[in-house]
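Step one of this worksheet: look at the structure below.
Each chain gets a letter, A, B, C, D, E and F, in the order it is written, and its residues are counted from 1.
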Amino acid sequence: MRPSGRQPQQLRPVVITRHFTRHAEGSVLIEMGDTKVICTASVEESVPPFLKGKGEGWVTAEYGMLPRSTNSRMKREAAGGKQSGRTQEIQRLIGRSLRAVVDLKALGERQISIDCDVIQADGGTRCASITGAFVALQDAIAGLIASGKLASNPIREHVAAVSVGMVQGQPVLDLDYLEDSGCDTDMNVVMTAAGGFVELQGTAEGEAFSRAEMNALLDLADAGICELIAAQRKALAA
Amino acid sequence: MRPSGRQPQQLRPVVITRHFTRHAEGSVLIEMGDTKVICTASVEESVPPFLKGKGEGWVTAEYGMLPRSTNSRMKREAAGGKQSGRTQEIQRLIGRSLRAVVDLKALGERQISIDCDVIQADGGTRCASITGAFVALQDAIAGLIASGKLASNPIREHVAAVSVGMVQGQPVLDLDYLEDSGCDTDMNVVMTAAGGFVELQGTAEGEAFSRAEMNALLDLADAGICELIAAQRKALAA
Amino acid sequence: MRPSGRQPQQLRPVVITRHFTRHAEGSVLIEMGDTKVICTASVEESVPPFLKGKGEGWVTAEYGMLPRSTNSRMKREAAGGKQSGRTQEIQRLIGRSLRAVVDLKALGERQISIDCDVIQADGGTRCASITGAFVALQDAIAGLIASGKLASNPIREHVAAVSVGMVQGQPVLDLDYLEDSGCDTDMNVVMTAAGGFVELQGTAEGEAFSRAEMNALLDLADAGICELIAAQRKALAA
Amino acid sequence: MRPSGRQPQQLRPVVITRHFTRHAEGSVLIEMGDTKVICTASVEESVPPFLKGKGEGWVTAEYGMLPRSTNSRMKREAAGGKQSGRTQEIQRLIGRSLRAVVDLKALGERQISIDCDVIQADGGTRCASITGAFVALQDAIAGLIASGKLASNPIREHVAAVSVGMVQGQPVLDLDYLEDSGCDTDMNVVMTAAGGFVELQGTAEGEAFSRAEMNALLDLADAGICELIAAQRKALAA
Amino acid sequence: MRPSGRQPQQLRPVVITRHFTRHAEGSVLIEMGDTKVICTASVEESVPPFLKGKGEGWVTAEYGMLPRSTNSRMKREAAGGKQSGRTQEIQRLIGRSLRAVVDLKALGERQISIDCDVIQADGGTRCASITGAFVALQDAIAGLIASGKLASNPIREHVAAVSVGMVQGQPVLDLDYLEDSGCDTDMNVVMTAAGGFVELQGTAEGEAFSRAEMNALLDLADAGICELIAAQRKALAA
Amino acid sequence: MRPSGRQPQQLRPVVITRHFTRHAEGSVLIEMGDTKVICTASVEESVPPFLKGKGEGWVTAEYGMLPRSTNSRMKREAAGGKQSGRTQEIQRLIGRSLRAVVDLKALGERQISIDCDVIQADGGTRCASITGAFVALQDAIAGLIASGKLASNPIREHVAAVSVGMVQGQPVLDLDYLEDSGCDTDMNVVMTAAGGFVELQGTAEGEAFSRAEMNALLDLADAGICELIAAQRKALAA
């Protein structure tokens, strides 16, 4: 039995609230149980220097945690003067995951900046960020289409992310903080609606893991991603 | 007539939601119209080096804005590697305002760290931060009392803050962003329940302002603070 | 009786020395008793990016203290790698105060950078900086007029600053360090020759202050500013 | 046919030179074809603060590239004032990979710092770093045993790393720079001698990848790791 | 003829003003013609970590230039967030030069921090800093002796510094800015009263210089140092 | 007798390996006994802003030490976020030394960036860097000539560097770390093939040094430089 009383293959309740804040072109609050992340998508009609004049767009991401989103207060990164390695790793992951499903040429010479800010953390914040950010990105692009700036949608397919892990010898889906801090193996899986892998990051916290264990974890992830993409579709249809 | 249709002496709707996030000892979402700030209070059983061994406590504050809390996306301060002068000015103001109503000796050798994070901005974020942070501070201290760590409440009285300004020649209360960016004089007033001034920061954006204008503004502020403290009391009583 | 033997409404001796250093377009040493600040005004024929092409000028300020301007040596900010929140707050105040009396359109597309460097501190350094910087600014602008780069003076009126405070229950003018560190209320007042307020920053260090106390303090400030502006005029006439 | 003329399942020539520099307790030059990395292991008889007094050791890693290890000169990170997100991601990976095979309690309260400095890059620098660092770590620990500071070897098993990827539709082992920059999928695999996974990081650069493709890649990686561990053993036996 | 009308072997007028500011244990304004530097010496009853418990003292130095000490305004290093290479080079030189004449064991476990702040620059600021700092250091040590904290003077002999250079083929003493920026060879010479060299830094700006030229320059420096040490003695006797 | 068994006037074995790494236009490993430095020269077809449009080139240098090039591990400067004063001092010296022998106008509007990275240190790393960097620079320029980008060689003459010092009362050439850390006087001498001085940096670590001692040291340096330039020529002829 999991600490939360969930079944091994059970996601936490997923709530996706669109239009959460007023200013951003896309603004989503995603809740995966007690993990809550505000994901915004901001459209800028310019691209970073390395893309100037190439007729191509860019999608980038930044990630942060409010200092007291966690159980004990973390140092504020802006006050400390730099982003931690973990923060940079996560925001690079979010950016790559979203770019993987966007036709950057079709986006045109503009940039969409994703901000994922965790207001309450209970494990799985990077996966929730990707899943929520996709919805914010869709809303931002819908706005570009509505205003005539884009003729068609450059998003090729849905993308979502979920964590899986071996907890006390058992593969489980969507780890919360308690499970995450005690697990042997932790894997973050980013997949498309068509079931392709976009990113796969597995780490043996204790014992190395076997191919069989990995396969069991990927089966769980596959099913979880389907549910998450269904939740994205439902939110976008609302 | 004000852009929002409000009367000169009318506050925006104030909503104070306690226990907004789960981990902090005090956690409040304060909404002043479209301005929304998460204020948390975190108790740490240690003090900064300059207070070690003096038997006194400390209250400090940090402030931030989510990059897309504003109309156009601001650079993330953590990514830029430093907090702006404005940010530092605001967080110093919040800290001083709260310390002014706390008996630091009675707090004992512990620190309460306030974090004010703006998730949506429409003017008046520093004032909303102070008003909301006071409630979070009360909740954190109530927890210390409930757990037997404090025998009595070191908070001497309520404190709240509001902005006032001369907009097109007229004194108005609680400026929103539109008014704030176009006003002649902008004043942030921090007051106690007993009507004493804790902080007063007035700036002539265009013309210098007269003593008479200042008095009119302070009358408005005085009335506004009363309403805000009533809102704090109501929230704390809930 | 004040520690310095002054009357409550008595300024410290004010000495304003123009042409203190050789290179700057305006260079002033201002002494308010033992507080000594070098204020220079540097003309640059370009403006910051946000003003490019708008036909408008800019006045900005930076502030610093020599490490041993104070009683115990302070860390050198350049070595520490950043300016403190206090430093930034003060230099923003100086800049705003000067811009309030300059017609930036009439200044033309150029920037005047003010540097206020405290070589000896005894309280009131930010006020002395503003009062001295105004004279340096006048000299720099006189140079622009003399060289034919400006047809008329874009300065609308004099501006000066002084601190006032409640010390042991009594309102006093122009606090020195001893008074400043022990006072209940400290207020920095920036005013024009015409008696308008440009900036007003009051802080209750201990007890909150009343409207009556504030009025008494502003009366003192008003008289003090008159004397300071007289001293500016005398120096400029020399 | 691969650009280098290699077979899909063929590693580049691996050369592991021990005792490459004089001062470090372990010092290895690893060459994977044209990729050359100096890996040193430095023993320090203290641990980071979070481990003080816990009777446990630590293994950590830092990574860097000489500015002209690459085809066009990169900015020197020390001059720029910070390590890139990529650098931090890599050094965190190296540290986790090595810690996964060390019994930190058995290491005792000391830290081994790994430095991986790329002097010439042709793809796969993070994998070469891990494979080479393991040998440097072994040498450093052998020294601790020889000097009587450790009674037995806290290393549980060999660990090595290799990249695999889908290049033009074909799974290949040990990508060089040319392949790496043109591939569809890139996966870094860190495995133990017993065939367990320690880290798995797959990224779809273009198209998402399927489970079948991933399995083909992991088969290649498995075989490659065996060869790399054989090369480690041979070097350590010399 | 030199631009200033001086003879090749002629120093600029040297003025050394002791007790220039009030707070520091030693405070000197040194003027070498138009070059003006405030040199303070601050006594701290502690030493840097690497000297803790060794019964030895330390003398260290920091150097800065006011932004408008120069002909065109320099960026303020505190605002830029770091000290330039030139600044660091100079402050290291000042520190080494002073330590060379102090018996650090006899100083006892305390640190004297020298601050050299250039308020007006016309070439030779690093040399003026050393010559002036020596006098400030003497005053600070005299205070330690007067207060009974030191039994005898740990300063072994006077030290002073001067620049020499080849200007248009001729060796000259004590270069001003005009000469310095146009010279072929520039040499900073730090010497003791006994005529020993403490530091020697020669740079060929254009053509390399010969041994004969160097000897001519050192003869000039030798004589200049004698005059400077006489000026130090006279100031200290006043 | 010197610790290494060398005669006072004896250099350590000098080995200069060209084409040490593959990517740089010039790449040299220089070994002076146990001191080993990788020197690369990178050609960039642009110049720093201050030279834009002046038809002149630039040669600049950066210097670094691998963390474990030294006996005990040094902090990695990239991780610490800044280059030390020593690092900056050395890289400025290398840059000036090389520029002294290059006709920058003849180089044309391009920059050659020198990187000197110490992989093993045993004293004299800055001198070895200069001597090795000169060879890398020659190779980079030979490439420009070979490709037709330069018609003739802008290098005027060879430059090399060596340290000399007073060790236990005796002048010796080319100090290793043991001698360097125990010597009374340490002098770094940069000279041209024609015997001119480019840079001269002498420091009395203990006692001040006399003119006679300096002359003895310069005689040693002169002879050492001749040998080093012969080694450069031999390497370039190979």
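Keep this in mind: a contact is a pair of C-beta atoms (placed from the backbone, for glycine too) under 8 Å apart; a residue touches a chain by one contact, two chains touch by 3 or more.
Labels paired with UniProt names: A, B, C, D, E, F = Ribonuclease PH.
This is a predicted model, so every value here is computed, not measured.
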Among the remaining chains, which ones contact both subunit D and subunit E? F
Find the chain most remote from subunit F, comparing centres computed as mean CA coordinates. B
Roughly how many whole angstrom separate the Cα centroids of subunit A and subunit C? 50
Find the geometric centre of each of subunit D and subunit F from their Cα atoms only, then give the gap between the two centres in Å, rounded to an integer. 33
Round to the nearest whole Å and give the separation of the Cα centres of subunit A and subunit E. 59
Among the residues of subunit D, which are close enough to touch at least two other chains? 81-82
Put in order round the ring, from subunit E and then through subunit F, what are the chains? E, F, D, A, B, C
Of all residues in subunit E, which touch subunit C in the complex? 21-24, 27, 34, 36, 38, 40, 42, 44, 62, 64, 66-73, 76-79, 81-83, 87, 113, 115, 117, 119-121
Please name which positions on subunit B make contact with subunit C in the complex. 82, 85-86, 88-89, 91-92, 96, 100, 187, 191-192, 194-204, 207-211, 214, 218
